[in-house]
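What follows is a pair of complexes built around chain A, which joins chain B in one and chain C in the other.
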Partner chain A sequence: MSIFVDITDKPLDSAEVLNYVRHPQAGAIVYFGGTTRNTFEGKEVVSLAYEAHPRLAIKTLESIAHEAKAKFQSVHKIAIVHRTGVVPVATESVMIAVSSTHRKEGWLCGEWVLEKVKERAEIWKIEKYADGDSVYKENDVSNVLSRT
Partner chain B sequence: MSIFVDITDKPLDSAEVLNYVRHPQAGAIVYFGGTTRNTFEGKEVVSLAYEAHPRLAIKTLESIAHEAKAKFQSVHKIAIVHRTGVVPVATESVMIAVSSTHRKEGWLCGEWVLEKVKERAEIWKIEKYADGDSVYKENDVSNVLSRT
Partner chain C sequence: MVAVAIEYFGPAKTYTNGVAHERVELTEPATLNTLIQHVGRSYSSEFAQYIVSSCGVVVNEDYVETERIGIEFFGKNIALQSGDVVGIIPPVSSG
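What follows is the complex of A and B.
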């Protein structure tokens, strides 16, 4: 197996995904960690939580990883993990790691996978602000589903 | 301080650079690890080692990090560490980590820093092949300085 995906309510471990993708034919390991920010559009964020449909989301993450392997031929291994529940400020909600023979393809693949996860995975974000407002969004921040 | 650079003959620690760049205003942590490959242009690599002029290389890494901070305004922190001596296959010789408010600038900054390190840092690579050949190169692999 050359892909690893997971949805978990536990803290994510960067060493785990980086070690998973390590490969003797790879010259590059590219990693992205998405972390909770303390502000969004100038408003103070007091908490950020993620909800997922785990069974569907796992299948979607697997599809994205397989598509990426087919698209980026020098990529050896891919890991995608997403956390659910409350994710504190400065803490990772998503980690993506990719190993590739050459660095250029590693960068391109890492960014491609991240964008696809945000577009397609069945994972939603709930942001609560210090002013009492809260917003329910698709993971891709551009699309607000509802405000409460 | 928002930059950290180091040249060391010890194994590099990804958790150290990732935790260094962690920041409450950052939504993205982008990381690159350059790892030793077991082949180069079809030849089996038996060992890869790096030599540096540590004092000059540290200054160059600092300059690159400061330039990157000025160029990529939403970047909060940057870490660049490079290992010297023999670096085993599938092991990191260089690690770069960047935190940024938005992910796009994190990707761009990480890649920019890596290319500048390869172009400008006073670090050289010695590759030994299974066929007995060995090559002394600038870190940017395109430029072979001598063959022995």
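What follows is the complex of A and C.
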């Protein structure tokens, strides 16, 4: 297998995804870590949590990774992991790692994968603010109406 | 009667006072539309509108690909049978 995806309520481990994608024919490993911010439009975020439809989200991450492999031919391995539950501020909620023969396709693939994750993965973020408010977020690029 | 389960995720639960799943009994013939009408009566017509205009719908974990007009789904694959599990998938905020 050349893809690894996971949804977990445990802290994410960047060494694990980097080691997973390591490959003898790869000249590059590109890594993205999405970390949680402590403010939103000037409001202080006191806590932040993600929930998922675990089976659908795993299926979606798998199909994104397979599509990426087909689209970026010099990519060897892809890892996509997303955390659920309460995620402390300044901590990774998502990690993507890609190994590729040449760096350019690795960068492009990593960016493409992230965009697709933000568009499709069945995961929702709720932010709780210092003023007592809490709000479910919505990605600008979200698309849940069609999978075709 | 047709007994189905419905699951609400993420922001959909702001319309259901936090209820994440429930069992619903519908008269035959049951479709996604009769289910959404039921949900609209149980909670609010705003919720029914939100589902049809903004949310993905999965039946037994497969997305229903159907046209939507007003507060109704059109096309095939909208009939429901006893035991079906319908998931309401609001716009996502992964990442």
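Rule of thumb we're sticking to: the second predicted complex is superposed on the first by the 137 of 148 C-alpha atoms of A that agree within 3 Å, B and C clash if a C-alpha of one lies under 4 Å from a C-alpha of the other, contacts with A are read in each partner's own complex, and residues count from 1 in each chain.
Basically, a residue touches a chain if its C-beta (ideal position, glycine included) is under 8 Å from a C-beta of that chain, and two chains touch if they have at least 3 such contacts.
Note that the structure is a prediction, hence the values are computed from the model and not measured.
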Note to self: Under the stated touch criterion, which partner chain does A:Arg22 make contact with: chain B (first), chain C (second), both, or neither?
What the structure shows: first
Open item on the list: On the A-aligned overlay, A:Gly34 touches which partner chain: chain B = first, chain C = second, or both, or neither?
Closed with: both
Practice item. Classify the contacts of A:Glu138 with the two partner chains as first (chain B alone), second (chain C alone), both, or neither. Key: second
- Once the shared chain is lined up, is A:Trp107 touching chain B (first), chain C (second), both, or neither of them? first
(message) On the A-aligned overlay, A:Lys125 touches which partner chain: chain B = first, chain C = second, or both, or neither?
(response) second
Message: Tell me the contact category for A:Leu12 with respect to chain B and chain C: first, second, both or neither.
response: neither
Between chain B (first) and chain C (second), which does A:His53 come into contact with in this model arrangement: first, second, both, or neither? second
Quick one: classify A:Ala79 as touching chain B (first), chain C (second), both or neither.
-> neither
After superposition on chain A, the chain A residues reached by both chain B and chain C are 34, 114
Residue set of chain C touching chain A in the complex reads 7, 9-11, 14, 54-56, 58, 61, 63, 65, 68, 87, 89-95
In the complex, chain B touches chain A at residues 14-15, 18, 22-39, 89-90, 92, 99, 101, 103, 106-107, 110-111, 114
As the complex stands, chain A meets chain C at residues 34, 50-51, 53, 55-57, 59, 82, 93-94, 114, 117-126, 136-139, 142, 144-148
